[in-house]
Each structure stands twice: as C-alpha cells, then as structure tokens.
Amino acid sequence: MDLPEEQMIRMLETMVRIREFDERAALLMEQARIHGSVHLYCGEEAVGVGVCEALNPDDYITSTHRGHGHLIAKGGDPRLMYAELFAKSTGYNRGKGGSMHIAALELGMIGANGIVGAGAPIALGVAFASAYQDNGRVTACFFGDGATNEGAFHEALNMAAILKAPVVFVCENNLYGEWTPASQQTSVRDIADRSASYGIPGVIVDGMDIMAVHEAVVEAVARARRGEGPTLLECKTYRFYDHVGRDFGILKRDPDEVAAWRARDPITLWRAELIAQGVLDEAGADAITERAQAEMEDAIAYAEGSPDPEPEDLMRDIYS
Amino acid sequence: MTVKTTTAAVAEAIDQEMARDDRVFVAGEDVRVGGPFGTDAGLHAKYGDRRVVNTAISELALAGLGVGAAAVGLRPIIEIMIMDFMCVAMDQIVNQMAKMKYMLGGKPTLPIVVTTHAGIDSSSAAQHSGSLEAWFCHVPGLKVVMPSNAYDAKGLLISAIRDDSPVIFIHNKRCLQTSADVPDEAYTVPLGVADVKREGSDVTIVAIGRMVDEALEAADELQGDGVSAEVIDPRTLSPLDMETILDSVRKTTRAVVAHEAVRFCGIGAEIAATISDEAFDYLDAPVKRVAAPFTPIPFAPVLENLYLPTRESILAAVREIV
Amino acid sequence: MDLPEEQMIRMLETMVRIREFDERAALLMEQARIHGSVHLYCGEEAVGVGVCEALNPDDYITSTHRGHGHLIAKGGDPRLMYAELFAKSTGYNRGKGGSMHIAALELGMIGANGIVGAGAPIALGVAFASAYQDNGRVTACFFGDGATNEGAFHEALNMAAILKAPVVFVCENNLYGEWTPASQQTSVRDIADRSASYGIPGVIVDGMDIMAVHEAVVEAVARARRGEGPTLLECKTYRFYDHVGRDFGILKRDPDEVAAWRARDPITLWRAELIAQGVLDEAGADAITERAQAEMEDAIAYAEGSPDPEPEDLMRDIYS
Amino acid sequence: MTVKTTTAAVAEAIDQEMARDDRVFVAGEDVRVGGPFGTDAGLHAKYGDRRVVNTAISELALAGLGVGAAAVGLRPIIEIMIMDFMCVAMDQIVNQMAKMKYMLGGKPTLPIVVTTHAGIDSSSAAQHSGSLEAWFCHVPGLKVVMPSNAYDAKGLLISAIRDDSPVIFIHNKRCLQTSADVPDEAYTVPLGVADVKREGSDVTIVAIGRMVDEALEAADELQGDGVSAEVIDPRTLSPLDMETILDSVRKTTRAVVAHEAVRFCGIGAEIAATISDEAFDYLDAPVKRVAAPFTPIPFAPVLENLYLPTRESILAAVREIV
C-alpha cells in the first residue's frame, strides 16, 4: 500500500508523540505529581496509530485502561490529556475521570474504561447507531488479550456479527494481563482464532509493524463501511513496561523476552523504514523527536498550571 | 380515554414515542413477537427490524448497546426481561451507563430507558420474581421508576423516554395485568413527583408498586374502624419526592412504608429513616415497614403467599401505631 | 459401538419415560394442577439419555430450565419430580424450587437453572473440584444454543480449557431460544465452531440419533477422565413443542420444519432400530411404553397426594 | 502477638486456614504473585497451582467456580479484585450462590468466601473506589462482613472461611494499610457480633469500615467538649447485630450512623430506620447519617476529599443532636 509521504511522516510523529507523552506520564506518577495510576502504551504505538490512520475524523474508537495512545492517535491534545492526569478543570474530563476514563467525544473517542472488556458492548452500541443513522461511520474497538476472556467481549462480538455492525475489533495482544502471562489465562495462542465463534474474519498482524497494522485495518474498515460487519484483528505487540507505570516490581518478566521485543521497537522500525525509503533523513527524524519532547514539556507546564476543579464540580454533571 | 391494561398502555406509550422521535428504538429478547409480557405488541409490524431489535440472549451486550447508541445520539429502550436477569447486565448499567456522564466531565447525555419486569407472579420462584429497586436507587446517575397502575405507567414511561438521563423503569408483573382509564393520546406524568392516591388524616401509608392497591384496600377497611389513612405512591424512587411524603407525615404524625422487596436494606429503610429524621418532632409513633421476609423467594404457592406482603400486613402495621 | 442389549433397551425405556413424564407435565400445567411453567424436553430425549448413559452414578451433570429429561436420565424418580412440580414437601426441592430449579445432588444432578448460561460456570466449579479431589469424576454440562451467546458460557469454557477441567459441554441446539430462531441471535450455524475459541475439540452429532450422541460422549468423557480437558459437543435436535408448555401461541414455526423433525423422533428411530436388530419386538416395545405410562400415572397420584410444605419451611434452609 | 498490617493479617489468616483444611483454596486474578493488594503473599510458593488458582479475567466464571466447587465439598475463597468488578459477577453471587441452598430445598452447603476491595484510595476514580455493601445486605442467603482493623480482619476472615454459608468479605483499601497487634496463631472473631470500640454515655456512633477510625478520632475530640461518645463497629453487616446497637442507643438516647458508601439506600438507612423504630421511646434526637453524597466518585483529589466522609462530618452530625 502506498501512502503519501506526509502521512508516513505523520505516522512516525504520532508514535513518537505517544511515546514521549507516556514516558513523561510515568515519570510524573513516580514523582507523585499526578494522581492515580497510569497504564503505559509504550511499545504498542504502532497499533493505535496504524488503526486511527485508517479512520476518518468522524469515525469512533473505544479504548481501555491503557488509552493514552489511542486518544493521541485519534487527535487528542496532550495539554488537555496531561491536564486530566493532573486532575485539573482544563482536562478532557474536567479532572473527574483521570487516566482510566479519559475521553474526547468531540474527537470520536468514546472513552478509556476501568472495566476490562467493557468497551466492546459500548463499541457495539456506537456502531449500531452509525448503521441506524446510516452515516457511514465506523467504530474501532481496542482491547487487550486478557479482555477477550470477559463475557462482555463474547456477547458483543456475537451481537455485532448478527447485526452486521460497522465495527473493527482490535485486540492488542501484548502477552500479559497485569502480571499473568496469556498462556495461563487464555486458552488460545492466537486471539484471532476466536473470530470462528462469530463467523467473522480473524486477522493476525505484526503489531510492531505499523504498515502491517494499517493495511489490515484499512481492509477491515472498508468491509465495515460496506455493511459486511465486524472483523477481529489481532495485533501481536508487547508492553515495554510494567502493567502500571514503568516498574511496579511485582513480576519480573524474562529479560530475553523483553530484550527481543524491545529490539523490535515499532518506532525504531518505522523510523528506519522512512530513512531507508528516503522519506526522512536522520536529522529530520531527530527533529520529530525534539518537537514531540518540546510539545510534551509545554503541555505538562500548561496542565500543571491549570486550575483545580471547583467544589461545585463535585455535584455537577451527574444527570442531564 | 379508554380502559386499558397496563401492558397495553405501555405498548401504546412506546409506539407513540417511536412515532414521535425516530431516535427512539427498542432492543431486547423476543421483542419481535411483542415481548414476553406483551409490552411490545404491534411494534415490529409497524417499525421493523431497524427500530425493534430482537437480540441474542446477551443482556450485558444489550445494555452496552444502549450505552453506546445513546452516547452518539439515539434514545434506546433496553428491555431486560426479568429483573433478576439484571444481574448479568450490572456492569454496563452501573459502571458504564450511570457513571459515564460524570466520569467524562459531563459531555455525553445518555437518554436510555431500561425496562424490566419484577415481582412475584404465578410461582416463578427465586430467579424470576425479585424486586431489586433498592440496588439501583443506591447508584448515583440512575433514575428509578416503579409505577403502580396503567395511567401512571404510560405517563411515566413517556417522561422516561423523553428524559435525558438513564432511567431504570420497573414494571411489577401483577400491576401489568391491572386495567385503568388511560388517555389514548400521549401524555406525561413527571418523574420525581409522588402521587397522593388517597387523602387521609390519621396515618400515612407510603406504598410502592403492587403495594399501592393493597394499601388502598387496607385504607378502605381502616375507614370502617374510623381510621383515615393517606396513601402515597412515590412512583419515582430515585429521585425520591420526600417532600410530599414528609408533608403528609407532618399532618398525620404516623407512617407505614410498604414494598414487595425484602425489608432489610430495601427502599423502605431509606424512606423510614428519612421520615424518622426529618419529621422527628411530628411523629407520634415509630415508622413501621411492611416488606417481604429475609429469604429467597419460594416456589410453592403456599409459601409464596406467606412471603408476599398484603393488605393484611399493611393493616397489621397500621394498627400497631394508631 | 456395541452395547449390551439390556443397556440398549434401558436407553429406549428412559427416553420413553422422559416423553411420558413431560407430556403429562404439560397437561398438568394446562389443567393448572401444577404451578409455574414447564419447559418440555420432548424431542430432545436422545441427548439427555445418550449423555447420561456414558456417565457413572457418581459423575455430575448441570442442567437448564429444560431439565426434566436430564434428571430422569441421571436416575431421577418421577414421583419426587412430579411432587416438586406440584410444590409438595416430598419434592426433590421440598417444593421450594419447582421445575426451573429441580435438582438431586445425591444423584449428581447439581440443578436446573433459571438463568440461561449460568450452569456453565457452576459445571466448571464442580469439574474443578473433581480434579482437585482427584476422584476421577466427570461433569456433563447441558445448555441450549441460545445460552452460548451469554458471557457465562464463554468465560466458563475458556477457564475450563485452561484448567483442563474434566467436563463435557453439551449443547442442545434445538434451533430456537424462546421464540427467536438461532439464525437471528447466534452468529454461527454450528455451535461446535465455538470450540476454536478455546482450543478444545468441537464435535457435531445428530441429536435425534441416541447412538451417535452416546458414542461421541463416551469419547469426550474418556478424554476428560484422562485429564485432557473439556470437549464441546453439539447435538442437533429440535423442540417438538413450544418454549413453554405445548403451545404458548406466540410463535408459529414453519409446519414443514416441525413435521420434518417430528419425522425423526428420537424415540421412534431408536425403537425401530432395536426392533430391526431383533433386540425387541413390537410387543416388547409397546410394553415399555405401557410401563412408563403406568409409572407416570402412579407418580402423579403420589405427588398430588403429598403434603404441602409447612409454613415454617418459608424461613428454613436459607443459611447452613 | 505481633504488630501487623491488615494485609499481612489477612494473608496469615488464609495461610493458616489452608494449612488446617485441604478443602480450602484461593482463586482469583494475579493471586499467584500475591494478589494485587498483597493479601495472598507467600501462598503460591507454599501451596502451588492446585490450591492457589490464578485465573483469567473472568469474574463471572470465577464466582461460578466457587459455587460449583463448594456444592461438591470444597471451601473456596474467591477473590474479586475490586468491589466495582462485582458487577460482572453478580449473577453467580446473587442468583446462584445466595439462592442455591434454598431453591434446592436445603441440600447443598456452600462454604464460600468472596473477598473484595472497596473504598476510596489514591484517586482510583468511579470504577475502582465503590462501596457496595448495601447491595449484598439486601440479598438473603449471603452474609456480609466489613472489618475495620487488622485484628478483626484476621479473626473474622477465619470465621468466614469456617462458616458453611456464603460470605461476602469486604476489605476497605485504606483499612488494609493500617496496623494493629495481631495474634500470630489462628483465632476467630464471631460473625454477627458487633464490637463496642469505645464506651460512652451521651451519643452512639455506629461506624462502618474506614469510618471506625474516623469515629474514634471524633470521639476523642468530643471528649474535649465534654461529650462522651460510644463507638460501635458492627463488623458483620448481615446478619446485623442490632441488639448491641439498640442497647447502646437506649442508654445514650442519641445516634449517628457513618459509612463511606453513598447515603441514599445505604446500610445506614437500615440501621437508622431500625433504631428509630425499635428505640423510638428512648430517642432524644433524630438519628443522623454520615455518608457520601449522591454522586459517582470523582478522580480529582480535591473532589475526592470533599466526597469522602471524615471525622469532621461525624463531629458535625453529632453536634447537631447533642
């Protein structure tokens, strides 16, 4: 698949911005400057970006507890995101949701979720509405490998298949759910095999290869827009850090396993690809990282300097 | 104005709201054939598969379908056949539907009505007879409605469908079978407003759902003993119209609260506690509660009859305090 | 597979007894002599009997709302069963459960269930316990096609596969869930396809052919006893009557469809087979039916004449 | 006797009961690594995969595993990581676990302990901070335990594990972090018996879970104003030891009930309603409730602090009535 150069560059830039965002989020958590816990997307950037680059601005996504990357890929503003992590009134959720519930309906980002698997039924509903309204929109539903063991996943995929809902189910198979390896909790190695339960296509891609992800999603999205229903897309990827933050110290993963995956850092791979293709040179690539770092530092400053919610906000927005 | 069963009044309300607003749709199990209780009669023939969505036996996904569809502009009516089945859908109702607006800083409006059928009827036993309204009343973000007759059911349901917040709409199965004069056109009964079903001066009976008719019968009998009972039907349990209840109790100085759910931690506890607190200086007797005993619901009719609170239980409670 | 003649005859007899039991249960409901609603097993007898004939007396089964056949196949006494339907203190559940909760722990029948799909997690637990206690017992878990769309089914099969629990998941695919055809609620035609989600064997058999069911179960049970984990067995069968009782009048099914399935009545087929094999003659076969009819009439008389529960039973057996 | 955190006391209780009875096992998410809160520390190393079952993220199947295993003779400890996650397991807990014995005419004994972690701690927001004890108190067939300190936690958990009925055992997250003198050997604190944490004569403060320490601090401060407060910790919420509470109120004539859950339809409503009824002639003031406001739980610490009831809220309530 041939993409315009500016898109190829934007894909690298978005991945880098996600990485820089989450590295700093981890630091802020360690420094106790932000509250709650952050689940880092580092290592999985090619999935979120590869998927969202196949969506229109008015398409939808549902996310997970590990949602920062999804939101940035859908166009999220790091300033409003950090502001949410800092629990400020300028945050996407006015400081009332935090990392695990971060959302931006205006960008079609329906929400991260604190309940594993709960995004799937919601994505089903959003996609159902698109078909109902016949607006041609597609919903991408992100979830982890562990989430596929929740009943919600199963019920949502079956119903989406029956209703031919325009949704793409994107599994980020990073081989772990918290501190439990997939092999100890998921009865199949390939999540894509579960598509057989719903009579829908199941596709496996290298989640560290952004083009592989992107091409698969473009096809799944086209299928959904044609009214042919959902696809289950499994992206093999890896959590570079711990379940929460960088090192929670609960489970030590095999260092060779970690090293092997880090050697396939999706950002390094795509950066090298763009340089090899002559789309970028080293300096141009470095400039992207520097821009991203500056953007994040600025965003953190904006966020930390923002006002806290007002006491009245406690009892606001409970009902419409 | 025509005499209608509550079931027919409910189907009429849904039909009229669907005709009025294309964003309104119904989703649930066996809704295509009119719903297991007949509350969707005629809808599929008129609105088809697009707006009458006959779903798999997947209540969790069904509730989530409502959340997602509402978040992007539709107005779902989600039918959970039996209230005990809410147990398999709790996450989408409690953790998602009820909390989403608040967690997201106020952005989404979630105009969802979740209807369900509660209460004892024809020996349905422990997994098909429950009344769990107190659970949902304990969840901020949800409204809870429980009508006692056909007129209120239609008017409250139309209000619920037009409301922009999630509403848990509980049909008591036996109330569905009762009839009343019901206007043929659409009308609303406001949410959050209790109704004084009968005026009285000696004791206030706050009755919920099926207990309303029992309370009215009890009030007739009390009249004979020269006791004038006021019967109040909250109709909406959350938000609860305590003012109407408190005004009554300040007048009568005595109160009994009756519901079909088990007594321990039932909605009656909230009502009794609030009366006892806010009308403390007016009360001439303790607030009594009439409710089911603390046991799962038995199958045997002889036991079911012992379980179910009746006019007799209400009479006994009133006579304790007047 | 060669079975002893007395077993072949017992298999016919048990199917006939189930048929006679449920035909009368339907009548009793129509006459309002019993309470609550009965879900008839008529047409599906080959499944329950074919399965339970492959189990030992100390093996377990979990059942559904359509559970009379399962209990009789596991050795249930029609007198105590009718007594339960009549809500009598002599019933299996002392009149406190009724048809939808009928159970006989002493026979390894853990219970019918009023919640679709809820038997699967319970069967998982029973099977887990057998492995834990290393007692060599197997659990057969019955459920319908519609139940496979409940999250409980999915979670239980995944966990059973991971734990290699000694359980056989038996799907009675009768093509309908209440008044909704499977095609409108289940995204696959063959439930057995869903075994792919758990990396376990998925087997399809003709649920009207008791030998086909039996042979498949014998193999699945052997596999479970060897500690190799669960099997998903799909039995293609049909509900001869309505969802509740004989004719609830809500949904009219295609008469040709009904006729085609009735033409393959599992009892007629097996009876003909036994006569063809010379295991039985017409008279012998008729005698089985007559015995069963007499047994059921006697059981109904016993049940109807039994005492009601005592008022004290209302508050009894809530806690241990 | 050693000073232990509640977390350590809980792990010790489980270890001692597993050592004592081979039928006892633990199942839950990440129990192999000691559990997300450390309450299973050391168990997997000692008892291995057979008795420390690290499960998939499937709470409904997990709860069902407990029901089935208990029905045939085991004594499961089922861990649902966070109380809000109970929502995905409600059917097995409420429709199966709680009702099975009754529905089956008494045959099965179901010695199951479902442990979970509730309450606000370090900005966990609306889906990880809930206190839903009132839901389970409304379900006949379940017992509900909510300890406030390390000593009670260990003794109550051992009683719960040895109990033959299903017990919902709720750890408040902040209570888990507190320490107290805890015997090293196994001991029991009986279920269904409230504990008078502090004797007093002017007002009774019934405090639940984390509110117990807040109430004790409030009582110290009240002492300064010459108000003698009695602090009662029910410890078990169902069955609830109302006698101990009523005896106290009949003595003090005033009562405040405090919990972390939202006030509307919380367990405090049941306690307040029962006191107001059964101690009606003794009360010199209305029973006041201290609880969370009716809103989902906010993420922002500034709002979380406004949400959470504290000693200040208890002091304010007491001062209203003394």
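Labels for the chains are A, B, C and D, by order of writing; each one numbers its residues from 1.
Keep in mind that, in the parts below, a contact is a pair of C-beta atoms (placed from the backbone, for glycine too) under 8 Å apart; a residue touches a chain by one contact, two chains touch by 3 or more.
Keep in mind the model is a prediction, meaning the values are calculated, not measured.
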Chain D and chain A - chains in contact with each: B, C
Shared interface partners, meaning chains that touch chain A and chain B: C, D
Maximum centroid distance from chain C, chain identifier (CA atoms): A
Centre-to-centre distance between chain D and chain B (centres being mean Cα positions), rounded to whole Å: 30
Distance between chain centroids, defined by C-alpha means - chain A, chain C (Å): 45
Gap in Å, rounded to a whole number, between the CA centres of chain D and chain C: 40
Interchain centroid distance [CA atoms averaged], chain B/chain C, Å: 36
Residue numbers of chain A (touch at least two other chains): 93, 95-97, 101, 113-115, 149-152, 155, 158-159, 162, 184-186, 318
Per-residue multi-chain contacts in chain B, two or more chains: 55-56, 58, 60-61, 84, 87-88, 91, 95, 102-103, 125-127, 140-141, 294-296, 298-299
Chain contact topology (line, ring, star, complete or other): complete
Chain B-facing residues of chain A, complex: 60, 62, 91-97, 101, 103, 105-106, 110-111, 113-115, 118, 120-130, 132-133, 151-152, 155-156, 158-159, 162-163, 316-320
In the complex with chain A, residue positions of chain B that touch it: 25, 50, 53, 55-56, 58, 60-74, 76, 91-92, 95-96, 100-111, 140-141, 143, 163-165
Complex contact set, residues of chain B against chain C: 29-30, 32-34, 36, 54-58, 60-61, 84-85, 87-88, 122-128, 293-296, 298-303, 306-307
List of chain B residues in touch with chain D within their complex: 60, 84, 87-88, 90-91, 94-95, 98-99, 102-103, 125-127, 132, 134-135, 137-138, 140-141, 238, 240, 261-262, 264-270, 272-274, 276-278, 280, 283, 285-289, 294-296, 298-299
Residues of chain C defined as touching chain A within the complex: 149-155, 157-159, 161-162, 184-189, 193-194, 196-200
